[in-house]
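Here it is, the structure in full.
When the chains are written out, they are named A, B, C and D in that same order, and each has its own residue count from 1.
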Amino acid sequence: MLQSMPEASPAKWHLAHTTWFFERFMLARQPGYRPVDARWDVLFNSYYQGVGPMHARPQRGVLSRPSLDEVLSYRDEIDARTARRCEADGLDDRDRQVLLLGTHHEQQHQELLLTDIQHALWCNPLRPAYRDDLPQPADAASPLAWRHYDEAVVEIGAPRWPDAQDFSYDNESPRHRVLVAAHALAQRPVSNAEFRAFVDDGGYADPLLWLSDGWDWRQREGLARPLYWDEDCAHAFTLAGMRPLAPHAPVCHLGYFEADAFARWAGARLPTEFEWEQAAAGSAVDGNLLDADVLQPQATPATIDTPRQLFGDVWEWTSSAYAAYPGFQPMSGTLGEYNGKFMNAAYVLRGGSCATPRDHLRASYRNFFAPAARWQFSGLRLARGAG
Amino acid sequence: MLQSMPEASPAKWHLAHTTWFFERFMLARQPGYRPVDARWDVLFNSYYQGVGPMHARPQRGVLSRPSLDEVLSYRDEIDARTARRCEADGLDDRDRQVLLLGTHHEQQHQELLLTDIQHALWCNPLRPAYRDDLPQPADAASPLAWRHYDEAVVEIGAPRWPDAQDFSYDNESPRHRVLVAAHALAQRPVSNAEFRAFVDDGGYADPLLWLSDGWDWRQREGLARPLYWDEDCAHAFTLAGMRPLAPHAPVCHLGYFEADAFARWAGARLPTEFEWEQAAAGSAVDGNLLDADVLQPQATPATIDTPRQLFGDVWEWTSSAYAAYPGFQPMSGTLGEYNGKFMNAAYVLRGGSCATPRDHLRASYRNFFAPAARWQFSGLRLARGAG
Amino acid sequence: MLQSMPEASPAKWHLAHTTWFFERFMLARQPGYRPVDARWDVLFNSYYQGVGPMHARPQRGVLSRPSLDEVLSYRDEIDARTARRCEADGLDDRDRQVLLLGTHHEQQHQELLLTDIQHALWCNPLRPAYRDDLPQPADAASPLAWRHYDEAVVEIGAPRWPDAQDFSYDNESPRHRVLVAAHALAQRPVSNAEFRAFVDDGGYADPLLWLSDGWDWRQREGLARPLYWDEDCAHAFTLAGMRPLAPHAPVCHLGYFEADAFARWAGARLPTEFEWEQAAAGSAVDGNLLDADVLQPQATPATIDTPRQLFGDVWEWTSSAYAAYPGFQPMSGTLGEYNGKFMNAAYVLRGGSCATPRDHLRASYRNFFAPAARWQFSGLRLARGAG
Amino acid sequence: MLQSMPEASPAKWHLAHTTWFFERFMLARQPGYRPVDARWDVLFNSYYQGVGPMHARPQRGVLSRPSLDEVLSYRDEIDARTARRCEADGLDDRDRQVLLLGTHHEQQHQELLLTDIQHALWCNPLRPAYRDDLPQPADAASPLAWRHYDEAVVEIGAPRWPDAQDFSYDNESPRHRVLVAAHALAQRPVSNAEFRAFVDDGGYADPLLWLSDGWDWRQREGLARPLYWDEDCAHAFTLAGMRPLAPHAPVCHLGYFEADAFARWAGARLPTEFEWEQAAAGSAVDGNLLDADVLQPQATPATIDTPRQLFGDVWEWTSSAYAAYPGFQPMSGTLGEYNGKFMNAAYVLRGGSCATPRDHLRASYRNFFAPAARWQFSGLRLARGAG
């Protein structure tokens, strides 16, 4: 029930909200539908102005009622009602779309559940572990290699669902052409050891490495290392509690500002989301994902001449502001609020993390967070010009 | 585990903190004492700088660990250890003092537990009740009568404990002489109906009735009636959920600023704490207290010529800033932080409420809160000059 | 025109406001009066809700219009109109009262003009002097002596003006009896050298010396010495620019919290305003006041057995919260807002400073400021119990 | 000397800062150079971390010293020193670059001087005019026409100066290819009358028209119309004081959020900066610019088949987040802080305004402001897909 910051939500709220999504946007479309509890429409509405008022986000932690038991019963009840509607073949096209969308929505919240819990536990000076049975990540160095790309016109994004058969979010469409300039992309994400060198070199103390807003943020918050790193820069808080940092595992829990400052220090830059998608376009969605149940980024042995770890381990900050693709159309109706209205003051992250379900991802998938957000499994991969 | 505002604490925290008080200030005095969990010293220290660092007050809601079960076991364990120390006759004078002080301390938290829970439940749009079995308060009008007092030198306060045998807090001593000017004091607290007349007369809209800070506060917070009153001014949120307002019961959940503005509107003023104590000095501690298990203020039939409801129902705001009595000495050692360091920006309330244990009170008892605090059972009684 | 903080006002605004006071509260009482500029009623109204809306206090610095020339002409014009009214013998009793009140009001602003200018100049890293011709204060040590007082009933305050002939503010009346306990009062204010010893002893680093609100304030603001002291604790910013600190001159520019912490460290306490007034009651108003044109506190050679420097040098913080005397009646009409509505969250200072006009003061004079205010010429004198 | 908000600067500061720029970055490069006043390095450094500490931006209004006379003398002195260096042929390549850059820098501040003064005067309830001699803008309706563009690869930006001969800022380079999708662009900016229709249609009250951050901002600030519009939506505050709104003149003083919401309401969108530059690429820099001395946007008679008012009248918000072009290199040395470090949380505006000097502009010129900034002469032009 705990809410450790306005951006995070209590676990119980995640459970109720994802179920409410099905009830409100699918079941309630049927005339005469009687909601399980009409008052919960306010409590578990996240941000959909189109369906009425909502409980203030920073106040989700005060919802001692309904109880966890009531929420679990609510989930069962909505599952049962949905099953009955399916069996009765009572679903129209829109229902089916909401049903599919709702499962993807719930997958997003599966990841947030973990990152919000990690943050909540970290706020406790006792630093309790979420699970005691997680493996210590493997660790093996591999040198940083670069892959070169010539200037090209690249197809970006996904055909618009549900016109197209394969699911994608509205913000991934339309598929369109982008001219990507010649450049080089690192074969793997930046590691803890590499980021440690930035820290040791005074990276957090040199304003010339930072964006102006980033420097102000760093000063105001007194930041000196990634979120969850111990002062010794040799341990970090994970879902398994405090753990030694694996030097060669991807660095994690960075804000955009830190990722950007590191890249500048390294004489490189962040890739655009188009450069990332071009690299990932042919690859299978595979890697250290939620399904692997490691729940921490880990080092992966080098392979020859192929970009590694594009999927899984850490979401990779790109330099692309989160914006509409040319011809972007939000989903119809209230669900148009799902993605489009957040296209400001955020950057795109790509590739998924060790907490993302494998079948939730694709090469065109666009995640986005504010540049000061650090509690996701967020890291970076370097890019640079072609010269 | 819920913390609805920085001033309130989670129920679990109250349980742990009151037990920690005994462990830290009594048991731990013994050389070689091994605490149940040394890390809890930080978590459950409220504000004692003298015993080390403390968990930030507004962050008490993030303490998902230790669990409620662990806290209850902690209480049992400390009880057991205390019992063993008592049986072994291992208590010295200071131990005995802390033991007695600790029980009074726990009584204070019993009241806070209820007021904090009421606030937390009220923050939930569902407005759930804490208990369903509470009676609707009786209601019977009685006219406002005044009792006159001539100028007098009055003995105020309590002899300093533990030099004196009877327990009192350090802020009640030394007992000393005060010259109290001639005045009149109302025989009963202000009622809901009387306060409703102030609201209806535009009392919340006339800056000339308010202290300057009070008016700014009212404007900033958009206040228009007592905390917990419904917009209709006919119902209010109680520990029994939403209830019709009893017109003749004492008005409750006022800040000092509202009590002061009402008194000005009524052509009167708040009493000083000395005037209050003078009136209460001879009376038995009796009334609608926690022991009555009503948990709401209620009207009391009129009696002739005696001040009523001095004890119980509502804490009564006085015009006295919370300050040291002449010759005040804080308790020795770290416990000196218990009361003395809060002698700023607060006003004294007297008399206890429907949530105060009877044996916690006395005529010299001084409660204190910031002038904007409204979530206690706080009301007022009028006073005026002698003329 | 500069406003360096919300609490301070631009010099130009002081000039216009004090003149507006005469126009609005005296001249405008005449039926058919035509104001110099009706729109200035909003600009130069400080806080009188009773005469209409007012320009926001923190925004006084944006008033580039009217220009200084226009304001000076305004002052001349109102002086001329007032003179014509006087010559025509057109003043009624109330007019005469406002005229007298207005001159005392203007004297208050004479002091604020200087303290606000000092603050504004200090905000400039160049630390420019307001005047270059001020003397370096004399300096001569004198030991700290104490004078003892037995318990006594003391007459405090002034008879209510204008019923009484001698002018006083409403907050000084009615004259009334107070029982003052036996105590001792220091013969002179605390000196810079004494306060330096507190700083050197870690006074700003020990929470046990501070009120809780004071400690929070100290932490939040990062305070480590009096306002205007240089880091070296050997120089301070004055109206004469940066100057060496005179060790034996009264320490100055302290908030209440610092004065209170110092007193605790010194094993003493602040006096009550009654103790101060009792000591000052018989004395002539004399000392290092505005008329001496030193504009800095200075040391005064010791005298035998008489309290020194009660008037002038520094306003002395008392432990008395600023509150109404028993039977207090605000001035009638809108001028009732002059003093009464500020009786919250402030402490009384007594005695005037090196920036106070001599004929503005009296033994019953009550100044008041918030406990965090430091930009006045505010210091302290110690008191202690009689024992 | 007045600073009406943290984002604006006092006129005196603009005068001193632009001169400091020449002294610090050009004159001071000469070994042994003696600055006019070394302490001013802190006062008039805007944001260059590379040359040392700086006076806090929101505190520029407290700089009563140096006086305006001293600043004007400073300007003369630096002009004279610069002239001597030029005559002595003492300029190397870098000096010449700084000299040219410094003049463009000063042109930027010429516009800011006007917009900051307008804001400062507007904060004064008297609403004084900056100038009384400005013409009332002409007004003539012209229908909204669209021009269609096919998909194309377009050359965007300017060759990097000083490698290239023509001056441009570093953020405009390198010149590079961008694939611009097929689209249509409005032939003229949105007018006051058109924006009035949005207001009348409840545009400020419908959350579904706004970005989420924009809606929060609108709610928090209570916005209901463009900055400077009177409540009657028929008059607005200008540099000429309050003026009737010219219905067909371009709407002005919008934030990005308002421009974006209007476009959505109109069934269109904002153009990208590439679309804008493609349209402007061939045009002469001409229009209602500073040189016209109108200082207000005005309507321009229709022309056939050519985009109008691309330059002048109002800066046009684009949908492009302010970001680096591929291969962007900041200027070398400290001047690299000029533009690059602000590439976050801002949007690009194009085309200049009625307060921009004509020879300051070019088709590749990129201005940028935060999405909530409204005090510039900022409006919009609509775009839409090609369909």
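Note that a residue touches a chain if its C-beta (ideal position, glycine included) is under 8 Å from a C-beta of that chain, and two chains touch if they have at least 3 such contacts.
In this text the structure is predicted, and so the values were computed from the model without any measurement.
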Contacts shared by subunit A with subunit B include exactly none
Relative to subunit C, largest Cα-centroid distance belongs to chain A
For the pair subunit C and subunit D, the C-alpha centroid-to-centroid distance in angstrom is 47
Chain centres from averaged Cα atoms put subunit A and subunit C apart, in whole Å, by 58
So, in whole Å, the Cα centroid of subunit B is separated from that of subunit C by 35
A full list of chain pairs that touch reads A-B, A-D, B-C, C-D
Within their complex, subunit A touches subunit B through residues 1-4, 39, 42-43, 55, 59, 61-66, 120-121, 123-126, 128
Subunit D contacts subunit A in the complex at 47, 49-50, 151, 153, 176-179, 181, 183, 207-208, 210-215, 257, 269, 272, 319-321, 323-324, 326-327, 336-337, 341-345, 371, 385
